[in-house]
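Order of writing sets the chain letters: A, B, C and D. Residues in each chain are counted from 1.
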Amino acid sequence: MSDPKAYRALTTHRLFWPVVVLVGMLAANTVYRPGFLSVQMRDGHLYGSLVDILRLSAPLILVALGMTLVIATGGIDLSVGSLCAISGAIACLYISRQPDQNSVGGVLTALALGLGVALVLGAWNGVLVAVIGIQPIIATLILMVAGRGLAQLITEGQILTINSGPYKAIGVGHLLTLPLAIFLALAAALLVAAVTRRTALGLIIESVGGNAQASRLAGIRSGRITFLVYVISAACAAVAGFMMTANVSSADGNAAGLWVELDAILAVVIGGTSLAGGRFSLGGTILGALLIQTLTTTVYAMNISPQTSLLFKAVVVIAVCLIQAPGFRARFTRRRAPAAGPTPVSEQPKEQVPA
Amino acid sequence: MTTLSLLAARTRSRLPRRHVPVLATLVLLLVLYGVGVSQYRAFSNIQVVFNVFIDNGFLLVVAVGMTFVILTGGIDLSVGSVVAMTAMVSAFLLREGLPAALVLIIALLIGPTLGFLMGCVIHFFDIQPFIVTLAGMFFARGMCTFISGSSIPITDGFWTRMSQQRIGNPSGNFVSISVLIAFAVVAVAAYTLAYTRLGRNVYAIGGNSQSALLMGLPVGRTRIAVYTISGLCAAIGGILLSFYTLSGAPLIGVGMELDVIAAVVIGGTVLTGGSGYVFGTVLGVLVLGVIQTLITFDGSLNSWWTKIVIGGLLFAFILLQRLIGIRYK
Amino acid sequence: MTGSQPVLTMTGISKSFPGVRALDGVDFRLLPGEVHALMGENGAGKSTLIKVLTGVYRTDHGAVTLGGAEVSFSGPMQATAAGVSTVYQEVNLCTNLSVAENIFIGREPRRLGAVRWAEMRRRARALLARLDLDIDVNAQLGTYSLAVQQMVAIARAIDVEARVLVLDEPTSSLDAGEVAQLFRVMRQLRDDGLAILFVTHFLDQVYEIADRITVLRNGRLVGEYPTSELPQLGLVEKMIGKELRALERLDEQSRHDAAAPVEGAPLLDVRELGRRSAVARFDLTIHEGEVVGLAGLLGSGRTEVARLLFGADRADHGSVRVHGTPTSLRNPVAAIGHGIGFCSENRRAEGIVGELSVRENIILALQAARGWLRPVPRRRQDELVDRYVRALSIRPADPDIPVGNLSGGNQQKVLLARWLITEPRLLILDEPTRGIDIGAKTEIQRLVAQLSDGGMAVLFVSAELEEVLRLSHRIAVMRDREMVAQLTNDQSVDADRIMQTIAAGAGHEEVPS
Amino acid sequence: GNSDTGGSGGDDGTITLGFSQVGAESGWRTANTTSIKEAATEAGIDLKFDDAQQKQENQIKAIRNFIQQKVDVIAFSPVVESGWDTVLKEAKDAKIPVILTDRSVDSADKSLYKTFLGSDFVKEGRLAGEWLVQKEQSATGPVNIVELQGTTGSAPANDRKKGFAEAIAANPNLKIVASQSGDFTRAGGKQVMEQFLKANPKIDVLFAHNDDMGLGALEAITAAGKVPGKDITIITVDAVKDGMQALADGKFNFIAECSPLLGPQLMDLVKKVHAGESVPARIETQETTFTQEQAKEALPNRKY
């Protein structure tokens, strides 16, 4: 490296290693199939695997954004998957009842309905955790289980197919040749970033997650903050639910958002936010989500047999963690470069008395 | 005299405080059972209780292992998959014609080995347990489908005997051998936590791992040990599951880790570590089991109402547990 | 302590943290049968040296020998096994375990591998009795105050069969009686041939117990001196590195003659405030510009009073008036709303947010009061943080490093700064000078005096009676969780008088407010 | 207890049937459940329904509880084929007859259950494959097939894959170039198909293990600028309503039916078994296949 200082600053940046893995994975794909990175223009919009990755990661990014805030307060939200299913189901149900499924007004009402219910359910989570004081994992587990049931209740166990242009656009529409979904995710990310970093919310969340007791004594109403993050998480999940259902123009109460909570938590953790709470990184989370989606796409693109794909995922996940872990790199580098020899005796004056 | 009564008063007021969560859980469990008895005639049959144990023996064993991990403030997401992998490997090896004893040894070694490796990664490289054990979960599940895409039946004589042996009155009320094994595991675990250094170190690390380190406790060794123990318990659970189903199926136990964590937490163990009991975990497993039994006995719920009612019962239970806890604080 | 071989030597020890050179070629040696004081300002590197010794940190350079053989511990576990018993600066115990367990964990009495609980409790009781501490060894450690926890940590350390005993600021929360008891035990151990490394910021204690002194400054060794050859002033100069009339200046601050500003309506007036099983009902009035000291022995309930007044704990009885208006201090938010600030004695558990930067920690309370929607503008942050980093000489002076990386004393200063920038009308300081070096302590005392002159009321809690006497207009005396007296701090009041009051227990001259 | 015919329901003459369903993982499954519930009401059978949420453990638990409740007949759709011997033996000891629906079990002891009612997944795969062999009989060049598998490790996925592979072995030109799991869901089918289309320039045939994945793949194909049903021949299994609609619209080419409407047949069997009549060991449901024309005819009177 020509400039060792800049190089150091780069490699010690906390997002450096996830980026390396992401680039490595894309490179591996390109080696496997040289056309992987190519992006063409088709029907007035961009078409290619990269675009797919962006579009498909949009819902995960959304869910993970909300999850980041929850985790930063030291909590966890297992119910996001079910919330995705519920919001999507409500929106689709409402639209399917409309005489004109293509009416923008109807779709907007449907979105408002879905979002509204999700907010109520998020508030429910928030109350359980912040007011009643139930451990987050178990408080949100309730809605994870029951919410799935609710979603299926709404769709009556069927896959609810709709035929609504405006709604479909949320999932597969395009804006400026790129998928609309990615703009939505980006907008949400900017919004969350603005709300947390332009105001003091981020600091307060980190403080509550870092030391709840100290925060209380500093005059922070940690209950309200905790409540708020669960509501935000639910809102993010709701929008993600719209995207998931719009992507296939149908609401599947059972499958929509299944296991997305695990992926979201994984994205947050890969992004460098600790599950113990405290400091959070929205950029890291987005990167984590992109990484996970790239991994999934890689499995399909390289046609890794479904029987071994989980092994492949396991290897990549552990590789990402290891390469990111300072502890691992330290061991690795130390072995290669043994500690420098003894230093010359320091020259400062010393006073010594006989013992 | 005065000192004595003072002392008595102090013990009386202190003893319950530590045990209130567990006692509350026990009482609520009995209430739940009472509801079942009052609603359904066959519920009072003692075999129903035995069945809860028979049907949840493996879950209990796995939950005991998870209790160790959660007590240190960690988490082990791999258990469901390790259970499946153990059953799958056993079934596969038995089909290949290996003797039962050898299969048993191999199967019981895989889980702890994986747990040990995960523990090492968590400790030496300082990576969050969630992500390491998630990778372990992918790995173990991947091994399942890698071994076979479809389920493998077990016809081995030993396995069949273990599976179908009824202890008690074979035509009346009985339990399976698995239940005895599960109880043995619970007893050993409870003893380990209460009376061995390892057990006390587990609590210390859960309380404050930094302090534990400065107090000169073997933090690394203990941490690796708990993941190994969890792996061992998952392996035993896997064997019990293979007794239970007499087969290895690649998709069995999907999502079991959540049930297990839920059982442990319902049993009063705090997810951040440092406080909880194995006995609480037993109660947690029973709560989940009784809720499920209640729903089967009802038999009128469709698929989605089943989920909603499970969630609802869970909510009612946890809310009451919490309110009682606050009251006695 | 004649020409005997050192039991411990450390030579050329260097240790760097990212951006900070904490130790730079430090030499240190410890003889058997001596108490050796390690002195230095906050951030001088004392705790780091100790952590290097016990293997918590790996040295960059340098060697450690123990009993003549070179050692390199990979962690406290090995160090303990080799006979180095340590009490670290912050109380490092597991609050979720019982007192007895905290003393014995890792070396529990066992039979056939099974922990003998009854035996363990018995021995714990005996050990605590040696330190003159009578507490329930079965209770969770977390239910006890920080001072009790500190005693438990000491008990844990002195029970070991060790060659070297390391005590990093063990007395920071202790009152005179406890210190005396500790010193008795230390002398006994020393006479048995144990080598004791002792860190403190109390100069008097050094001169009372230490045989020799090693001084560190900015991570470098200044020198090693027999205590008898180094006068107090000389020691301070060596620590600070320049001549300073700190001690003289300190004495000028005495409030003995300043009359309490009792005119005008009281700022805070509480009647019959109390909380079951914590503190008995008490009355207390604090006026603007008044410094009220809270004196008492360990566990006498000073912290409990402070917490009640801040709403950190909820009172279950009594009435509160702020500026004459009845109100209630339900929670910290309510108290802060009335202009009350509170600096907890337990800085690690209840004070700092370790991951956040110095800047963020300092503005936390101010930000909380403004609400999350109105962030403190960056310029103002810089201004405030800058001012207090300088005023309290927080080091390193980089406001963007995590506060958890600061030395203990500097963390304490950060906490003070947090409350000072909120400009409270009443500031409750619970052991604010805990672990703070002599220079900064003077600075803080001066600040308190200056602020109270400017109209701020202060409730000052400290285990150090001199400090309370020096600063307070009025002193409330606590005993057995009961406020037994309130004395006007005039010429007649001195440390002995307060101790008598505590001993007598009954109300002496109640000062009408 | 009372070991003859006696069950709790036996007292008032009605038959009690304990039924353990796999779950509600697809529209097909829900239609299956609905059919069984309606048929039970119609036949005057007291149904104890249990949902196992796709877990074998839960099904075993449910069967145990049915035994405790002394139901007259137990029926269930096994989540997996193996692992039922122990609990079925308990049922046998309690003298409760068992009927399997939808999927069979691989138990060596055939006396553990009275009969099996359901479809043959292997056959469905084979029917799909045979139709393709028929269609491509004249093909000279290679025909590239991509396959969307169901959930990895699940019985229908394994069997349909197997049956299809067996059938297309008849023509060496037919070649599966890519095969991935779409988890039986639309979203999964779509996502996988998108990558198939990018990785394989020439895809002639898509075989999806169920309609939903096929429907998801449709969107991917359209987005790639190809015409489903023309550029790419699409074969699926199940014949749920949306699938049939697609077939009738010419977007699919062929569907092998897997009928969920087992209810009436099951209730007949339950009555017979309860009365002690002998029943055949294996009853396959009436299933057929649909081409585009047949779909247009059948669509108006489909129930699900």
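By definition in this document, a contact is a pair of C-beta atoms (placed from the backbone, for glycine too) under 8 Å apart; a residue touches a chain by one contact, two chains touch by 3 or more.
The shown structure was predicted, so the numbers you read here are calculated from the model rather than taken from an experiment.
Distance from the centre of subunit A peaks at C, each centre being the average of the chain's Cα atoms.
Between the interfaces A-B and A-D, more contacting C-beta pairs are found at A-B. If each chain is reduced to the centroid of its CA atoms, subunit C and subunit D end up 71 Å from each other. Here the spacing of subunit A and subunit B, counted between their Cα centres, is 30 Å. Averaged C-alpha coordinates put the centre of subunit A at 35 Å from the centre of subunit D. Between subunit B and subunit D, the centres computed from C-alpha atoms are 34 Å apart. Counting partner chains per residue, subunit B has residues 145, 149, 302-304, 306-307 touching two or more of them. Touching of two or more other chains is recorded for residues 152, 157, 306-307, 309 of subunit A.
Shown for subunit C are the residues that touch two or more other chains, of which there are none. Interfaces, counted as pairs of touching chains, are A-B, A-C, A-D, B-C, B-D.
For subunit A in complex with subunit B, the residues that touch the partner chain are 78, 132-135, 137-139, 141-153, 157, 253, 262, 265-266, 269-270, 274-276, 306-315, 317-318, 321-322, 324-328, 331. Of all residues in subunit D, those touching subunit B in their complex are 8, 18, 21, 23-24, 30, 33, 37, 47-51, 53-58, 60-62, 64-66, 68-70, 80-86, 89, 93, 106-108, 151-155, 157-158. Touching subunit B in their complex are the following residues of subunit C: 56, 75-77, 79-81, 86, 88, 92-97, 101, 105-106, 108, 110, 113-115, 136, 138-140, 156.
Those residues of subunit D that touch subunit A in the complex are listed here as 23-27, 29-30, 33, 149, 152, 178-181, 183-188, 190-192, 194-196, 198-199, 212, 215-216, 219, 223-225, 242. In the complex of the two chains, the subunit A residues touching subunit D come out as 33, 35-36, 42-43, 47-49, 52, 56, 152, 156-159, 161, 172, 244, 247-250, 252, 254-256, 296-297, 299-301, 303, 305-307, 309.
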